[in-house]
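In what follows, structures are represented as structure tokens.
Shared chain: subunit A. Partners: subunit B in the first complex, subunit C in the second.
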Partner chain A sequence: MTGALAQFKALVGRELRTVARTRVYALLAVGLAGLVVALVAGGGGGQTGYLPAVVDLLLPLELVVPLAAVAVGYRSVVDDLERGELAVLETYDVSPWVYVLAVYVGRAALLAAVLTASLLVSGLVIALASAPDTTVYATHSGVDSPILWGRFLVLTVLFGLVMEALVVLLSVAARSVRAAVVLATGGVLLAAAGGDALIVVGLADGWLAESNLLSALAATPNSAYRGVVFETVIGVAAAGESGYAAPLPSVLGLFGWLVGSLAAATLLLSRRHL
Partner chain B sequence: MTTDPILVGEAISHEYGDLSVLEGVDIAVDPGAVTAIVGPNGTGKTTLLRILLGHLSPTDGEVRYTGPEVDRPIGYLPQQPSFRPQFTAAETIAFYAGLLDEPAETEAALRRVGLADAADRRVEALSGGMRRLLGIAQSLVGEPPVVVFDEPASGLDPSMAANAFEILAEQASEGTAVLVSSHDLSLVDRFADRVVFLNRGSVIVSGSPAELAESTNSETLWEVYQSVIREPAARREVEA
Partner chain C sequence: MPFPGRRLVADHTLAVLAVGLVGCGLLAGGLFVVDAGAAAPDPVAFEDTRSVGFASEVSQEIDDDRQIPRAQVFYSQYQYVIGYYGIETAIAAIDDPTRQQQFGYPVATYVTAYDDTGIELDDGTIRTDGYPQWVDADEAVFVAGSGASTPAGPAVVPFADRAAADAFAADYGGTVVGWDALADRPVETDDAAVVREGVDDKRAAADARVDADRPLLDRPVQAELSPGDSVDAAIAAAPNGSAIRLAPGRYEGPIDVDHSITLRGPGATIEGNGTGSVVEVSAADVGIVGLTVTGVGNQTRDEDAVTGDEWDANIELGYGHGDAAIAAVGAPGIHVADVTVPSTPANGVLLRDSPEAVVRNLSVTGTPVWNDGFMGVMAMRSSVVVEDSTFQAGRDGIYLHRSPETVIRNNTFRDNRYGVHLMHTSDAVIADSRFANQEFGGITIMTDPARNAIVGNVVTNTSNGIATSGSYSYIADNIAVDSRVGITTTAVGSLYEHNVVRNNTYGMRTGSVLATSRVWKNDYVDNEYHAGASAGPLRVWAHDGHGNYWQGAYGSATDGHYDRAYVPTDSVDGQLHRSAARRTVAESPVKQGLRALRGAAPGLRSGSVIDPYPQTEPQNPDRLRLSERVVDDGLDALPTNTTMTPTADPPASRSEGQP
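After this line comes the complex of A and B, so read on.
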């Protein structure tokens, strides 16, 4: 077990050092921060307060976060597979779960840092640009507050971590770097839009009962993220506005996607190589 | 020092679907010796190496490692060793050393392959030959009793290729069992203690370069290659 821990640390260290020294990731961070600030400023929500900004950002981030996860992680495993690196690591007795978890932690840390920085900068812009009462820390519903922005940040990072796990799985499944781009982009977009589409079709065709709608929304990553944001951020400020989603099942649904993706990646990798 | 083989492959067969790649291959790798696998492209050399490494299960037959129980029993240099370009040579070796329970010395590993002066140079700034040497240094991290090299001289200039084989031979002289696949027959002739000729998934002949030359009335390993690989009739004669 000590060996596995040391190997995990070495692998995470390598991932972190790799991303820290890769210029394209710094550009990604700047680009993403710029995009989020532009959305906040351009949507008008930034001048009004945190909650309007959340409303402005929620839908774009449902697309931007998965794509950022792809940019950060699509090469993570397939690069090592293609270069024969995994065959070398196998001679050091590195187990698939240690490798997958370490690669995931390294890449997820980068994505979390990029998302956190982007939303913190945006939060600062809102604090400077919006009406004075947004600096109030809400103690009751109906008041806009930086705390709500903080919740939004945490939930967005969690959504990003889920998407990164899915991207790592797709990177294990890919046979080449070129295939990995297509697979990761297609996979996350399918997860992002496919779940919602399936729910709509299910309701329209009648095979999904309305009574099961909240469970279905909790089971797909985008609708789970959206639902939790509605329930714990937007709904807080609007008294009586709740019941859009089931918060606990939604959070569990997100964790299910995260753990399930990493477990599937480990299983697939042990069949392929390590 | 024991002379019993440390790594043995017995009656190894492997199929990819309907395609038979290896058929009943027997191979023994001795400690303190360089064993070379030689044969045309697509003859199953890399598949055999992967099976001996334990990275691929044979369809039939078995592989036995009889060496000491250590952190890393078998080291490996892939055909195209590739490292993170952002890392220095020293960081690269330190990373691999960090995967082992027993601490391994980074500086000594680089010194062994003549890269001590390039320790702080990033991989992206190393030449192809230096990267190959870094790959050899990686394969030796943790002092594995068996080291497998897949085409260590491929793409290298003659002096760098000879340098790579000199390191392998030096490692063997210290007791390591070295298994190498190569197309460079002059280097194999010069450095290998035992040569295994593989063709169409089967071992055609094996022995020391001198034994093989004698049995085929050849002067060089290239002539042996020509007679056993290119002339099936002569091969049958040798087998007889």
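After this line comes the complex of A and C, so read on.
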């Protein structure tokens, strides 16, 4: 076990060094933070508070977060494969789960840091910039508070971690870097949009009943993310407004995707290589 | 050379990760455990709230806020604290589903508790020695149905302590109830819908008032004067209830009508000497019919005037004592008809403390520059019907101060500063009138009055076409074109419907931080900006699934409205009717993503307007066609005024017998 631990440590260190060496990730971080701040400013919500800014950001982030996950992780495993490092690691008797987990932790740490930083910066912008239109009257913040922004941040990072796990799985599945781009993009799109599309079709055709809708939403990464944001952030502003999602099953659903993707990646890797 | 910190992190990756993960997990979980509902904020000074509940002229009458039980409410998604005069007003507002949608739910509600204030009722009015304290409404008890009252009617009186409430109820009657029980009681308020229903009644009341003057116009002719005769001498000789006929020609003024007679032309001109008022009226039920009045003095105020010590004494000094062609002071029931004032550097008709007045078919022309003139009709504490009249080139066509129940209809205003200017005047109707080229405003209501109706008017080429103020008003069926701002929605709790705004810089513009009005079934065409928004939350301009017609809105449609919400204040949406390229921007995923949820939590957004149900077809097609002709040809495009009827000329011979 200590051997596995030491291997894991070494591999995570290797991933982090790779991340630190790759300057383009810095560009990604700056770009993402810039985009989020621009959306906050351009949407107008940031002028008055955190909650309206969440309203502005939610849908764009549903698209941007999976894309960022792809950018961070699509080459993670396939690079090792192409460069022969995977074969080298094989000689050290690294077990697949240690390898997959280490790669994932390294990449996920980067994505989480980038998302956290972007949202913290925008949160700071909102804290400094939001103000009532007029000071003629007494004002208060209503239910709006940094706590809501914090919840949004946590949920967004969780959503990012799920997407990253999926990307690592697809990187394991790819046999070349070229294939990896296609696979990661396609796979993430399928997971991000496919589940939602299925729900829409199910509702239209009638085979998805209202009684199963919350479960279906919890089982789809995007819907789970969106639903919990509605439930725990946006819905707070209105009295008695809930039922957008089942928060606990949705969070469990997201963790299910995370763990499931990593488990599948381990399985696939053990069959093929390590 | 590896960076030492990096090595450190690499060496202790696991520990760093473990500690970090546990910390993040705890923090993250904690964010969801903490109650995000706002901690109840402390009450603020009432004068700092956005207060509602009384028309200004009513609250001016209240010498002490302590007389009025008050409430202040902090809403979950609304950053301004709303103050309510009257607990009933607060309850009605909190119950209103539209308001819940705009403001969210009340996070905290405070009421003024009268414990230990030495509260007594003086003929229903609350008198106290001390100041009532703010207490949480949920913990307060209320005495309903006691003898307590405010200018708005019976009042519920809050107490913090049950024993104090019981004691008050024992002295003054009423039942003691809690907040929840109180909130369950039905509350009736005179809202805009009531005003809408009342417009026809007010029109009928105006008809009745005009008809009631018929005997005054049919008075037996006591004397027939020829040009040059002394009118004053004839008046002195005429008994009450008689008429004096003036043959066409010139008569020397000024004259003084000090008892109830009728002066009639037509064709006679009373010539003033250029100082003071020309026809002074100081008796009830005087008729002035078919005269032309010239030679009006140029004083718009009187340095020697004496006014009472009421709150509006300065306003009276500023506006109520100027020279006039016809000045009626303390002359209720005066009837002015078919009178022409070809030029006046001061007022046309001045009515002070002369209620139940009628002014018909009056024509007043001011000065070449409006700054040199004054009011066409100046009515102070004088409810009046003004109809079928023309006002040109004065300061204000009609200026009203504390003249409730006034009806202004079917008049034409050109080249004034303001066409109709209401100050401290509630319950008025301004209908079917035409306004062109007013420098500041067509219809301008100031000072927060209540329950005014502005119906069926046409305003063109004016700075602020129709500027509202106050509350519970009804603004409908109007056309505003070629103006800087067509209509402002400053009056709160009001109804704006079936208006057409066309070819203005701003079609409509919000003016209050309170979003409590209903704006629907209006048409917005060819404006530079269909709508503008000043300070305040996102306003939802639709009701019951029905919005407005916005030229430029698009999308797939169901049930007569587009499925795509329209945001007239948006830089992209708001210009769709002027630029096809904006449509391309509007369709971008980023723009769509940003706008998709915009209607959520409107109270927490600011400075914009959204219509969730933009209509596919114009809501007022006939009025829209008419508005296009007004844009092309001005007021001349309007159908000729057929309702204008000169006052009937009674038989020239003396009537038989006295009435």
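Definition applied: the second predicted complex is superposed on the first by the 263 of 274 C-alpha atoms of A that agree within 3 Å, B and C clash if a C-alpha of one lies under 4 Å from a C-alpha of the other, contacts with A are read in each partner's own complex, and residues count from 1 in each chain.
Heads up, the rule we're going with is that a contact is a pair of C-beta atoms (placed from the backbone, for glycine too) under 8 Å apart; a residue touches a chain by one contact, two chains touch by 3 or more.
What you see is a predicted model, and the numbers here were worked out from it, not measured in a lab.
Once the two complexes are overlaid on the shared chain, A:Gly84 sits against subunit B while remaining clear of subunit C. Of the two partner chains, subunit B is the only one that A:Asp93 touches; subunit C does not reach it. The partner of subunit A that touches more of its residues, comparing subunit B with subunit C, is C. In the superposition on chain A, A:Leu51 makes contact with subunit C only, while subunit B stays out of contact range.
In the superposition on chain A, contact is made by A:Lys9 with both subunit B and subunit C. Using the contact criterion defined above for the overlaid structures, shared-chain residue A:Arg17 touches subunit B and also reaches subunit C. Using the contact criterion defined above for the overlaid structures, shared-chain residue A:Val105 touches subunit C, although it does not reach subunit B. In the superposed pair of complexes, A:Asp196 makes contact with neither subunit B nor subunit C. Subunit A residues in contact with subunit B (one complex) as well as with subunit C (other complex) are 9, 13, 17. Within the complex formed with subunit A, the subunit C residues making contact are 6, 9-11, 13-14, 17, 27-28, 31-32, 34, 36-38, 41, 44-45, 48-50, 74-81, 100, 104-105, 107, 513, 534-536, 589-590, 592-594, 596-598, 600-601, 603-608. Contact residues of subunit B toward subunit A in the complex are 50, 53-55, 71-72, 74-76, 78-82, 84, 86-87, 91, 95-96, 98-101, 138, 142, 144. Taken in their complex, subunit A has these residues touching subunit B: 2-3, 6-7, 9-11, 13-14, 17-18, 21-22, 83-85, 87-94, 273. Residues 5, 8-9, 12-13, 16-17, 20, 39, 42-45, 47-49, 51-52, 55-56, 58-60, 63, 105, 109, 132-134, 137-145, 147-148, 150-151, 154, 158, 232-234, 236-240, 247 of subunit A are the ones touching subunit C in the complex.
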